Amino acid sequence: MLTSEIEHYLREDIGYNDVSCTLVPDREVNAVIFTKEDCILAGLDVAMSFFDHLGIDAQTQHLQGDSLRKGDVIFSLQGSSISILRAERVVLNFLGHLCGIATLTRRCVDTVRKFSDARVACTRKTTPGLREYEKMAVIAGGGDPHRFNLSDAVMIKDNHIKMMGIEPAILSARKKASFTQKIEVEVESTGDALLAAGLGADIIMLDNMDPDAVKDTMASLRKAGIPEHVIIEVSGGITPENLEEYARTGVHVISMGSLIHRSRWVDISLEFM
Amino acid sequence: MLTSEIEHYLREDIGYNDVSCTLVPDREVNAVIFTKEDCILAGLDVAMSFFDHLGIDAQTQHLQGDSLRKGDVIFSLQGSSISILRAERVVLNFLGHLCGIATLTRRCVDTVRKFSDARVACTRKTTPGLREYEKMAVIAGGGDPHRFNLSDAVMIKDNHIKMMGIEPAILSARKKASFTQKIEVEVESTGDALLAAGLGADIIMLDNMDPDAVKDTMASLRKAGIPEHVIIEVSGGITPENLEEYARTGVHVISMGSLIHRSRWVDISLEFM
Amino acid sequence: MLTSEIEHYLREDIGYNDVSCTLVPDREVNAVIFTKEDCILAGLDVAMSFFDHLGIDAQTQHLQGDSLRKGDVIFSLQGSSISILRAERVVLNFLGHLCGIATLTRRCVDTVRKFSDARVACTRKTTPGLREYEKMAVIAGGGDPHRFNLSDAVMIKDNHIKMMGIEPAILSARKKASFTQKIEVEVESTGDALLAAGLGADIIMLDNMDPDAVKDTMASLRKAGIPEHVIIEVSGGITPENLEEYARTGVHVISMGSLIHRSRWVDISLEFM
Amino acid sequence: MLTSEIEHYLREDIGYNDVSCTLVPDREVNAVIFTKEDCILAGLDVAMSFFDHLGIDAQTQHLQGDSLRKGDVIFSLQGSSISILRAERVVLNFLGHLCGIATLTRRCVDTVRKFSDARVACTRKTTPGLREYEKMAVIAGGGDPHRFNLSDAVMIKDNHIKMMGIEPAILSARKKASFTQKIEVEVESTGDALLAAGLGADIIMLDNMDPDAVKDTMASLRKAGIPEHVIIEVSGGITPENLEEYARTGVHVISMGSLIHRSRWVDISLEFM
Amino acid sequence: MLTSEIEHYLREDIGYNDVSCTLVPDREVNAVIFTKEDCILAGLDVAMSFFDHLGIDAQTQHLQGDSLRKGDVIFSLQGSSISILRAERVVLNFLGHLCGIATLTRRCVDTVRKFSDARVACTRKTTPGLREYEKMAVIAGGGDPHRFNLSDAVMIKDNHIKMMGIEPAILSARKKASFTQKIEVEVESTGDALLAAGLGADIIMLDNMDPDAVKDTMASLRKAGIPEHVIIEVSGGITPENLEEYARTGVHVISMGSLIHRSRWVDISLEFM
Amino acid sequence: MLTSEIEHYLREDIGYNDVSCTLVPDREVNAVIFTKEDCILAGLDVAMSFFDHLGIDAQTQHLQGDSLRKGDVIFSLQGSSISILRAERVVLNFLGHLCGIATLTRRCVDTVRKFSDARVACTRKTTPGLREYEKMAVIAGGGDPHRFNLSDAVMIKDNHIKMMGIEPAILSARKKASFTQKIEVEVESTGDALLAAGLGADIIMLDNMDPDAVKDTMASLRKAGIPEHVIIEVSGGITPENLEEYARTGVHVISMGSLIHRSRWVDISLEFM
């Protein structure tokens, strides 16, 4: 995390005149950060950035993505009591939020694994300012981060197709994209899926199709013999509740904005020893 | 919102080489942003900051805090198609997240109103970087933002009391706090609540007490005749599910981190006309 | 102090091509910073931020707020000669300015103490960019920092009252303010002071009243039996010269913009050993 | 002024939750900014930056450096009441501070003009963060800004001379300085002044000499026939009180840190019409 | 370009006390920016950012990538003389540098086109801070920007292979990369190229091979029947001088750091009318 | 280099999801940075800023400005393999670019030295964002950095003279410039050169004159007996190719934008040991 970001987050929580920290003597103390719920661990690096910045010694036995049980200690801390009090809220807010995302992701991945080896991916529906950290939490949960921003891969969406037609849009993209970028096309019908595959799309995203329509499209694509490297993704309205049905369709990637926008914070605490 | 923040959020979503925006001609278009669920509106100013920055004309019939029905239009937009496409994801991410908080807050406020006029407040458990916007969303929902940071008011917490004793901590705070700041004391027993009130605390926060213990403490405080301006707050483990019980206790303020960390995004969409 | 601020202040003084620092060999040296006038010490933390950033070892025997005599050493420094030469001007500018404020504040506090235990407070008339440091210097001098910004407490000023009427303004503020914020009302007559007290203001500020008018208003308020926790503040045109008269009025707080805008720098020097 | 600086100064004064601005309706209003004391005007551009940023129309009849009488209107403003209330304190703090510097500078320049056409210059003793604006205020007052930072010109100071000897230091500077930079040498004796002149210094600064010593040195330098373009500056301990004596010595430049560190704010007010 | 970047570049050139701009009256003027050499146009958007920021009206008849002849006017400007003088140097520095890159790129693309439709790409050898603009200039010249940073695509380089072995490295990358990212493998032998292709690399980069070795490897790969979507890139030591030989090898992409690090500025001037 | 700049440059090259660095284990390694061509060393401090920031131990036997032979080691590095991989490209890009400038500068200085001791200076034609580093590279090469920005010295250019006339422009500049600044006048004829010298210009810049015209002007100026401290500079269209002719003219300073805009990167590599 950039120095300026660390300082920005601390300043947001501390303000300019924290009287409470002057009430107690500053002394060397020990503390632990532990989880009050089972969860998947994420945000380790983020937390370490704050500890390093504030000169707090932090030890952990765990790795990003570890499965923790209620009561497990995430960090053992040693340092100035004022520094630890100042790091506390910001670090716990990050950990609670990011572990929540990793935990929901892992649950979704586990659901899918029963039926398929499809990847579970998040989308660009991320909390403003935190995309990098949230996508890393999805990875910690076993998910795929999808593209980080509009420049990572070229996605031809419904609006592009409406304005251009699908064929001109794909041909234009193939010309304008760097050879290092994949081209993804969002389609709403089996016909467009076949067309996109034929025109050289690397990824075909089936948008807002119900599981049966997805299955039909997959069958048509297989029958048409599309190249092996073409990836079929499904997206739109997929939640932990209906995930199983999509997992059974045989697609390669299942994208869920809900990994982030329906996640809840894990309850994580700091306690002085 | 600061110019640098607007640009930071846009850059996070766009990156450095957005090929997709070069696929279509840039032209003047109309679009609407509407909600796909009933919700309480928040984030109006945040959205307007992006529209202003990008030269998009945005009209709205609504105010922060309005109660919207599924299908209601939040903004009518007119502007360059590329600008609207670039604002789309960031603005929707803000609106979805903030309306989610306002909506949950309003639901909790409505629950409380059946029994009491207690304020429903959020806490410092906020998403890093977004505290200002999330607290404004709580206000839009009818809640109280509580203090924005450690410097806004002086709160004497369990760790201070452990290290200092309650009486020295309060006396020290009264000396060190500005006369413009309130002093809040976090207590875990009726005895400490009475002690804090006697020593001049402005706000007494009953921490992690169950509803019955809260009621008992309220009775003791009333009996002891604490000054009228002293505010009793309850906090710790309060959720939409157990809120009613706390609303019946007669406290003045009910604080819930869950207004933010259990909220879900409202489903809000942008559509070209 | 934020890293970016430290670097900003250093860059302001150094520029991009400091030839003078290449004229001499860089070597480990000792130096002292001492005061050439009696003063109250402020800015210790600010100075330490620069020394830490530049890797200079700085020792001090003093605390923020200490009363120093002409010739007293504030810091003993050890480090690279170039680093010390680069820190010199910025650190001395901060110390001279902030000790000047602390010294004037202490003088005013001492004047008041002869007659009353009223607090001496500064205002929002602070040097742009330095409010945090100047308010800390006022605290070092024994003063009260007053609110740090418009969001710290709610102040209803003459313009609000003109536009709204005093009663609606106070009622609106009570509804809109967080329960963690105090409400202060600026009044110009005894009648309004009584009205504000009756409507639940936490702080009543008597604006631009002469000492006799203040005394009369205090008498009326006492006679009306306003609640004990209500604080009476006087502000407007109070200088070190007329301070004694206000100190005799019995108000709780005396606010003086002049603590900052009439202060003079203390003459502080750095000398190589 | 940079956008980020404008926003930084506004944020410092406003904070995150300015309830007071929600108490009154936002409407188009007129206001004036006027001086309550005779003064020299400075900070016009700084003030305009804030008005432009906030969309406030500001008209002025005056120029930087104008001599104003008590009651003179500096700006006539028209704009949103909330915007004007938000600009008010920051703009007045800048104007009060900068006009104070310009006014003291003009007074010193006028004192000098009775005896000589020497320039009155400030030094690097400036308020951290505000050097640019303070130096512009000195120019408004008729003074010379001296160098803005260590890189603007090469100054060989006492510490350089102690470590290197005066001759090697000057020779090294002549080699290392860009041909676009002047070389200034700080001397404490007539002998060193002559030596520096002989070695090609562009500016010779007589440091901490009393007026008689300055006169003697000037006589020796004239007698030695130093080149016409060499400038003689005097600096160290010069105040408005002893300025006349230095003005009589015939030096070309009189430098006074006190232009800034002994200035007092001019009392400037904003009033709604 | 971000507001903060625009202001940073202007500040770099202007500094804090530009006396020269006060020598002339500020008035509305017309000016043109024209090229003194044949060139390919790049940097149009960059230049417009500065004109917009400074309120200068700028008209152009040209598009990014246009082929200009000596004397062609790039921009017709109208605005304040001081604003134009302040934009002048920064804008010309950008245009000269970026048109230089576009011009060299176009020359290389034209060379390649005689023999093949291979893409000519730049690399990560770009001027620090200017990668975005330089890559856009390469695109203007008809080249491919390659990846913008380490996160855009996964490249397995010699050091990775040394430490891991080629097979484990590719398998690990396929697992860890997002499905939206291509995987590129840098190889130094025909054997490794075949191995990488077999393991599912999307792009195979032949590193530092001479043209004959490249031809042999291409033949082997064709013979082995690697999938059609696999892209063969050649990189390392390719200059405008030896480019033709590589263009004859039949590779799909020719990468040249020299597009940037051997380019020369085009001579572009601003003239007042 | 400022922390924010270091982090900005690293972020530009790394992005948000560098999968490649997760492919290999992070371990302590040794590496060297060496030059593959003879060159003059520049950018040492810049490189050290990155190594320090990333905790890489870097040792060097060389100084800024040293003449290196092909194969010479510039830095021996020890540190985390991931940190070194992340620093690699940014540091090499800086070193390649800056050594290229220093090397061309040294070649030009050596050319001039055969005929004269004139200084070889660069101009304000520098890569946006890198002026400070490029000017330091010119110094490393033995050149003169000329002014860093418009505020360093006052230059009266053709446009000022067109609008004001040469005499009023110089007189105005003498009044408005600080006594610490030199005044430079750009002239296109011998007559104007004489006029400028007579009016007190410190530097006279002969703009776009051919070598013979320069010689004639020099002769006229000598004959007119201009003061010894006045510096004659020649600028405009001077390249390494025609430099010798200008070196023979006897001017004091030869300014060449081409030191920067015609330089080529030196080929510098990093190799793990």
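In this document, chain identifiers A, B, C, D, E and F correspond to the written order of the chains, with residue numbering beginning at 1 in each.
Following the convention adopted for this analysis, a residue touches a chain if its C-beta (ideal position, glycine included) is under 8 Å from a C-beta of that chain, and two chains touch if they have at least 3 such contacts.
Because the structure is a prediction, the values reported are computed rather than measured.
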Shared chain contacts [chain A and chain E, defined touch]: B, F
Centroid-based (C-alpha) most distant chain relative to chain E: C
B-C, C-F or A-B - pair sharing over half of the A-E contact pairs: B-C
Centre-of-Cα separation between chain F and chain A, whole angstrom: 46
Gap in Å, rounded to a whole number, between the CA centres of chain F and chain D: 31
Where chain C touches two or more other chains, by residue: 3-4, 15-17, 131, 145, 148, 151-152, 178, 181
All touching chain pairs, where touch follows the definition stated at the start: A-B, A-C, A-E, A-F, B-C, B-D, B-E, C-D, C-F, D-E, D-F, E-F
Complex contact set, residues of chain B against chain D: 2-4, 131-132, 135-136, 145, 148
Complex contact set, residues of chain A against chain B: 8-9, 12-25, 81, 85, 89-90, 92-94, 96-97, 100, 124-132, 148-152, 154-157, 159-160, 162-164, 169, 172-173, 176-178, 181, 261-262, 264-265, 272
Sites on chain F touched by chain D in the complex: 119, 121, 144-148, 151-153, 178-182, 184, 200, 202-203, 227-229, 231, 233, 252-253
Contact footprint of chain E on chain B as seen in their complex: 3-4, 7, 11, 15-17
